[in-house]
Each structure stands twice: as C-alpha cells, then as structure tokens.
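Next up is a structure, given as structure tokens.
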Amino acid sequence: MNRNANPIRSDIAWSTTDRITVRGRDLPGQILGHMNLGDFAFLQLTGREATPQQSAVFNAIIITLVEHGLTPSAIAARLTYSGAPEAMQAAVAAGISGLGSVFVGSMEDAARMLSEALPDPTDCFEAKLTEIARDQVAAYRQSNRILPGLGHPIHKPVDPRAPRLFEIAAENGMAGPYVRLIQAIAAEAERVHGRSLPVNATGAIGAICCEFGFPWRIVRGFCVMARAIGLVGHILEESERPIAREIWLRVDDEATAHLRPT
Amino acid sequence: MNRNANPIRSDIAWSTTDRITVRGRDLPGQILGHMNLGDFAFLQLTGREATPQQSAVFNAIIITLVEHGLTPSAIAARLTYSGAPEAMQAAVAAGISGLGSVFVGSMEDAARMLSEALPDPTDCFEAKLTEIARDQVAAYRQSNRILPGLGHPIHKPVDPRAPRLFEIAAENGMAGPYVRLIQAIAAEAERVHGRSLPVNATGAIGAICCEFGFPWRIVRGFCVMARAIGLVGHILEESERPIAREIWLRVDDEATAHLRPT
Amino acid sequence: MNRNANPIRSDIAWSTTDRITVRGRDLPGQILGHMNLGDFAFLQLTGREATPQQSAVFNAIIITLVEHGLTPSAIAARLTYSGAPEAMQAAVAAGISGLGSVFVGSMEDAARMLSEALPDPTDCFEAKLTEIARDQVAAYRQSNRILPGLGHPIHKPVDPRAPRLFEIAAENGMAGPYVRLIQAIAAEAERVHGRSLPVNATGAIGAICCEFGFPWRIVRGFCVMARAIGLVGHILEESERPIAREIWLRVDDEATAHLRPT
Amino acid sequence: MNRNANPIRSDIAWSTTDRITVRGRDLPGQILGHMNLGDFAFLQLTGREATPQQSAVFNAIIITLVEHGLTPSAIAARLTYSGAPEAMQAAVAAGISGLGSVFVGSMEDAARMLSEALPDPTDCFEAKLTEIARDQVAAYRQSNRILPGLGHPIHKPVDPRAPRLFEIAAENGMAGPYVRLIQAIAAEAERVHGRSLPVNATGAIGAICCEFGFPWRIVRGFCVMARAIGLVGHILEESERPIAREIWLRVDDEATAHLRPT
C-alpha cells in the first residue's frame, strides 16, 4: 500500500532523561508548588496560564460539575466496582461512559446556541442582545425545541448555582456579553411563555465558557474530567459502605417477579 | 424471595429545591469561589477540608499524575475518539481503562509497602526506620521482587519530580516518617545492589500518600481522576490535529505485511 | 419527594431455585445443545426463534462484523490490555467504546435510508424501487451528502463480502425489496456519478437488516456484540505476542521529537 | 532515543483490494454461509476450526454465559444508556467493565485449580483423580479458602446448567479427566463438609475449558464476549421500556433522605 506517511506530532508534553515539560513549562520547577489543580487543568487544555481572574472563574465552573449526587453515572460506577473491585479504573470509566446527550446535552446546547447567535462578542450593544434573544426564543418556539439552560426540574424558584456563578464571573470581570445574552434570553422566554424560566447551572456554565472563548465542544470534556473526581469519591464510599449489591438484588427481584411461577 | 432489604445510604451530597450541599458544605455559598479544584477534590474524597499545608501538597501530587505524554492510555483515548467523536466521554473512559497494575502498580505497591512496614507512624525513631529499610530490602531480594518506587527507566540519574515533591512536602511540614522511610529504603537498596536507585515519582507519591494517612488503595483513584484531565487535553488536540488515523494505518499496514500475497 | 414509583420490569429472563429461563425457553432443557450462539443471540435480542433461513442469514451478517484487522478499536484494546492485563474486560470495553459514528455510521445510515425510503416493504413493484432510488440519489446529491453503503476505499472493484451476503440472503429467501432497493440505488448512483459505486458490506448488512424488519438503531448493537468476540481474539494474541508496547514507544518518540532539545 | 524498533505483527486477519482473510480462511468464500457464530468465535480465538463435537460443546458453554438476568452489569449498562442513548457502544462497554473477580472469578479459579492440579490430562487413572481431589479439598480447607465451582447461593439442590453441560460434553466425547476431577472434588467436599456441594455452572464451564486445553486466563474472555450479546438485549429492552430512570430516582431519594432537612 503505497501511502505517504503523515507525521505524528503532539505539542502537549515532552521529557528527556532529566527534564519533564508540560505545555512548555518545567513540571518540577515551574508547575509543582506553583499552581493548583484547576489552574493546571486550564494550562493542560488551553496551553495558556490562567490569569487570577480566569483561575477563580474556571475553578468554580469545574467544581460545579464534580458531584451531582447518586446520578445514573455514580450508580453505574458503584455497580461496576462491586463486580471488579480490583479494577477501580474500570468503574470510573463505566461511570463516565454515560455522560452523553441527556446529562451534558443542555450545557453543550447552551454554549452552542450562545456562540452561534453571537459569533463576535465585541460587537454587542444592549439593543442587539435583546434582538438576538427575541429571535432565539422565537426560533426555538417555532421548531418546538426546548431552550437549553433555562428552568430546572428540581431547583425552584431558581437553581442556586447560577446566580453564584454569575456573581463570581462578575467579580472577576467575566460577566460579559454571553452572560448578558443568556439572561436576556431567559427574560424573553419568561415573557413569551408566561412562567418563571431562570437561567440554571448548565446555562450559566455554557455562557461563561463562551466568555472564555472555549469552543462549545469542550464543555463535555470539562464535565467528564470533573465527574471523574466525583466518581472516585463514590467508589471510595462504596468500598467502605457498599450499596451496589442491595440495588442489584432489589432490581432483580422486582423486575422479574411477574414472570416467576408462584 | 424473602430477603430483608438493607438500607441504601450515601453521605456525600444532598439537595432540595433551594439547596445543594456537598460533604456538609453549601455548594454555592461555601464552596464556589472559596476553593480551588484540588481542594474540592480533597473534600469530595475525604469529607474534610484541606489545611493550607495539605492543599499545597495534595495539589502537587495530583498535578504530577495528570500528564505523562503519549502513553498507551492517551493513544487509546485518541484512537477511540477517532471512531466516535460524538461521544468524547467514551474516549476518556477508554483511556482510563488501562490505568491498571502496569502503570499504577508501583505507586500502589510503594504506598502499600510503606504503610504495612510502618503501621504506626508515631512510633519511629531513626534507628527503627533504618532497621525496617534493611528488612524490606532483604525481603524483596529474597523473594526476587522489585522494590517499588525506586529507579526509573528514562529519568536518570534522578527522576526530577521526586526531590521536588519531597521539597514541597518538607516546606509544608509533611516530610514525615514515610518520606524518611522510603529514602532509607533507597539508600539501603543502593548499598546492597551497588548501583544508583533513587526514589522516583511513584515512590515519592506513595510515601506522601502515607503521610496523609490515605489507604494505599486510594492511590489508584488519584491517578484515575488526574489522568482524566490529561486525557481531555489529548482529545482536544486530537480534534484539532489528529494523529490516530495515521497510527492506525501504519500499524495495520505493518502488522499484516507478512501475510499478504505479494 | 412525593413521587409515584413506576414499576421496574424486564421480560428477558428469570430464574428460581431450580429453573433458569431465557425468553420463555428453559435454558438447560430447550436451549443448551439445541442452538448455536448466533441463533441464541437472535433469540436474546428479538424474543423469537430464528427460522433455519433466518439463522443462516443472521449468523452470516454477525460473523461479517467480528474481525476487521488492526482497527483503531483493536489497537485501543491492546494498548489498554498492556496497562491492565489483570482486567481483560476493561480492554474489551475500551475497544468497543470507539464503535461510533465513523465506523458504524455508514451501516446505520444505510439501514435508516432504506427503511425510511420504503416504510412498507409489501408495497414495492419494481418501477417504484427505481423511482425511490432516483429520488434518494438526487436528494443526497442536492444536500451534498455521501450515499451510505456504496463504494469502498480499499476493496475494489467490489467489496467481496457484499455479493456473498446477497447470495446467502437469496438462497434463504431473504433478498427482498430492501436488497433490490440498495442495488437500484447503487445503479442509479453509478449512472449519475459516472463511476463504479457497488454496494459494500455495510450497505449489504443495512439492507438485510431491513429485510429482517430490525429497526436501524439495532445495527450498532450487532456490531458491538460481534466486535467483542473479535477483540477477545486480539487480546489473546497480545497476551502471547505483544505489540502494544512497541506502538506506544514509536508514537511517543516520534510525536515529541520536534519539542525535545537536541 | 536510540532504540531498536521491534516488529509489529498480527496473524489474525489480512485483506487486499479483493480478498478478506481471517485465520487463513477466505471470509466470503470459506466462512460466510459455512459457519455459525460460535464456530467462528472458536476460529477467531484459537486459529483452528472446531470439530462438530467441539462446536456443540463450545456453543453451549458460550451460550450459558450470555444472559444472567438483571445483574449489576446489566443495570450499569442500562443506566449508562439512559444518559447517552446516542452511544450504545459506551453502554455495553460500561456493562462489560464490571466482569471482574467477583462474577468471573469462580470460573477462572475453577479452571485454574483443575489445570494446575492436573497438568497432564493423559496421565490420570481413577485413583489418581481421587487422590488429587482429596489433596485439593484439604489444601483449600487448610488455607480457609472457598473451593471454586461448587454449590450455589440460589440454585438448589443443584444448578441445572451443570448436569446439562456435562451431558452435552459426554455426548460429544469431551467429559474427560477434568470433568471427572471436579466431580471427584465435589464428592470429597461433600464428604468433608457434610453438606451438599454439587458442581455449579462455573465449575462445569471451568472443567470443560480444561478439556478443550484452553488456558485458564481465556475464560474471562469467553464471559466478556458472551455477555456483550446479553447486554445488547438489555439495552434494546431499555430503549423500548426504560427502567433506568426509575432505578436512579429511587436510589437517589432513599440514599440521601437521612441528610435532607425535613
């Protein structure tokens, strides 16, 4: 097969006998002891060092994604651990595998809607945001789609994470056009639909990711890496006070009771 | 099936309509904007808030585990992403799945060796550490096992992460008996084997985990959650400048060249 | 939380102290020794026993999906195994994780195109198939999409699996309207595009799945379960004559050569 | 890095523009339409074609492993699917990830115990098997370990799969020394422990794998590939009549009820 080989290149890290370098920084000398984990994640993902303001906001959004209770993800990780406690990594992998459209979708969709509606954030006087908001709400209504990032099935009247994330963004000079745009969309949606539809955590994170200039596709990655931390916490608890076996037995008993002869 | 149901309980997090609480702290009010990601990971995993000293050391050891270049893990994640770019979470899951005995083993083994050799760290005057070190080296030699956490196939004469991690531990009052013990073991091993066998990064992390009082089984969890961050970085690079397809074509071409008719 | 609990039910299998039943058949008495693995898979998935004709065709399409050489999936599985040989299941899981849009996509798309273009297969005289084919080719051309299931990057002039699968289908009375439709689409595409575009294996399998009446979404499941068998084969070979480590070292060396100081 | 590159080779399959070959057989001409899925799995894994007797026995043992009800594996797969229905492969991967020591262990352990106790199966007159059985039971008793492959928590007085698998093995001339050995071990264990401890399905499969000459490590692979089929069945049912969401809500409600303010 006469194929011209393409080069294989990666710019993330390199090492020699005496040096270990990540994103151009000497790991022992310039990173260890000088950065926290959130800032290093920012460096690993973007190739840039976070400013103090970016650090504050980035750490807050990633932390928001770490732990969401006994989600399907956490239960799947615990069930997997109960079958293969010697391979904890496989349990985390199982838990991560379900972070798809249903749970990460609205965050991705919010980031995508905002970035596509306002491709150039430098060009946004207030009237324009209002106009975009009106257009978006109308477009979603017409195509019968749900606006992402608004309302919450449990947290009422308001998802308490959203105003706090906006507050942290504002304190750090990052509550810019995308944050104002999603708030304009929420206001317009409330006007049109005649009910309370405040921005929720996924909407807030979607908007703040746009403020950073992150592409919308990266949002899922934030969720995956954050949740990996949360899942390790669940697996540790499972190793000390297991619940997976009880979940299994209850489900198995109930699910096939109608089939078993009495 | 007349089984007595056991309770299903988790103490990590809870939420109501207006509150979200993780490890007893109000997420919006007490965590967001007040902690960095490393400190929150410490809280999620241990249920305790890290002291400033613990924060400095814990962030450093987790950061050390994030990025190790184009490891089998990173390549597997990139290959998986190339087949299912719409499911980035599955690519991270694939990369994590290989964090088993070969790559995480020596770190686990070092933590285990140290904690089992010195179950009570308050009971350790210097002569005792020397004695334990002598016994451990002899025991590993006799059973023909490799002492974990010493030497390095690439980083010579010394793995530069180890002295830096020990330095950070010392600056924060955490270079206690386990750090001294692994150094004593390294010294004894060098004496017995007649060649340089300095503590490497896995040995340093194993020892520092013992200083924290972490059980040795948790060490794999640290690695898994750290590497999830690193893998997201690799997948982002893969999405911008792919190498997986080239790796695939080269491997497939070469592997079966001896079978194909000429 | 005053929620009305919904029932948890599954109709696949049940067991008591002395009986084990799958899809209503006694496993020891009616299945073991009476069915081959492909037929049992058919029963597990559909709840029905395959006729001899269905058995012949179904076994052939699943077998076609088992082994495709050193694919990204197989390489990812081998790399994962090299890090965690004690957890072979995690290596298979890693390999399966990449069976997404890129590799399974054209098979799903072919099945979807055919079933949506011909919702009622009983209503299909030849002139109608020709008309549908013309419309489909025109529609894909207009929207600048690639017709799924036609042509092949490597297998030229024709993918040898496709005519063989059609032959097996015909021998078993299952080369019905969907098989004729994809062949009509191929003929029309060749006419319009002026080059050879024969039906490939994914197109043949897509069409035959429609003959069975399988929903297009099931096609990915066939691929996943078949490939699991193939991946176990690769992992066994890896355990005897490893290549993962060599792949890793080559990639790592080349990828960062441009960054390392000379 | 002046490393001598090692060759990368695989002997499983190869293809050219017009040929596709697996284990030396032409896929379209010699495999499709000529083998069932179980026989092709045997070929893929061993490189040999199964005799009719081997085919009967191999298909039976793999089928036995496909479906075990709502196991932790099946529930984890369903939960994962509920979060990422667009990535069914990730749900199967999650379900497979838990096939570790707890569920596959006793089968592996049985195969290992038998093959290590009787390394040369040609050398086994009856008295020798009785002696090995006595030694094994004594050894497990002394080290306080549970003999693998005997007894069953649910299936009493006897796991109905075991006698059926032995029957199929006998009908095909494969109820040789290992089958007799595990039965001798069961008899000795019943004598020593004074209670019924018949061979269960995992013991029967372990013994039959030894009859085939399979290494004990392969047993997990059989389980993984079989269960992948079973899990696709569960995911299809989940897509039609979901239970994952209900499991999630029940677990989440109950688990944190003790923490939530009343």
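In this document, chain identifiers A, B, C and D correspond to the written order of the chains, with residue numbering beginning at 1 in each.
The working rule: a residue touches a chain if its C-beta (ideal position, glycine included) is under 8 Å from a C-beta of that chain, and two chains touch if they have at least 3 such contacts.
Keep in mind that what you see is a predicted model, and the values were worked out from it rather than measured.
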- line: At the largest C-alpha centroid distance from chain C we find chain B
Task: Can you spot which option in A-B, A-C or B-C is basically A-D again, with over half of the contact pairs the same by residue number?
output: B-C
- request: Averaged over CA atoms, how far is the centre of chain C from the centre of chain D? Could you give it in whole Å?
  value: 23
Approximate Å spacing (C-alpha centroids) for the pair chain B, chain C: 38
- request: Could you tell me the distance, in whole angstrom, between the mean C-alpha positions of chain B and chain D?
  value: 32
Task: Please set out, as single numbers or ranges, the residues of chain A touching at least two other chains.
output: 7-11, 13-14, 19, 69-70, 84, 86-87, 89-90, 93-94, 97-100, 243, 247, 251, 255-256
Query: If each chain is a node and each touching pair an edge, is that a line, ring, star, complete or other?
result: complete
Message: Which stretch or stretches of chain C touch chain B in the complex?
response: 69-73, 75-76, 79-87, 90-91, 93-95, 97-103, 243-245, 247-248, 251-252, 255-256
Field: chain A residues touching chain B - in the complex, by the definition given at the top
entry: 1, 3, 5-15, 17-20, 22, 27-29, 31-33, 35-41, 44-45, 55-56, 59-60, 62-64, 66-70, 87-90, 92-94, 96-100, 104, 154-158, 160-161, 163-165, 167-168, 171, 217-218, 220-226, 228-237, 239, 241, 243, 246-247, 249-250, 253
Message: Quick check: in the complex, which residue numbers of chain C touch chain A?
response: 7-11, 13-14, 16, 21, 84, 86-87, 89-90, 93-94, 97, 251, 254-256, 258-261
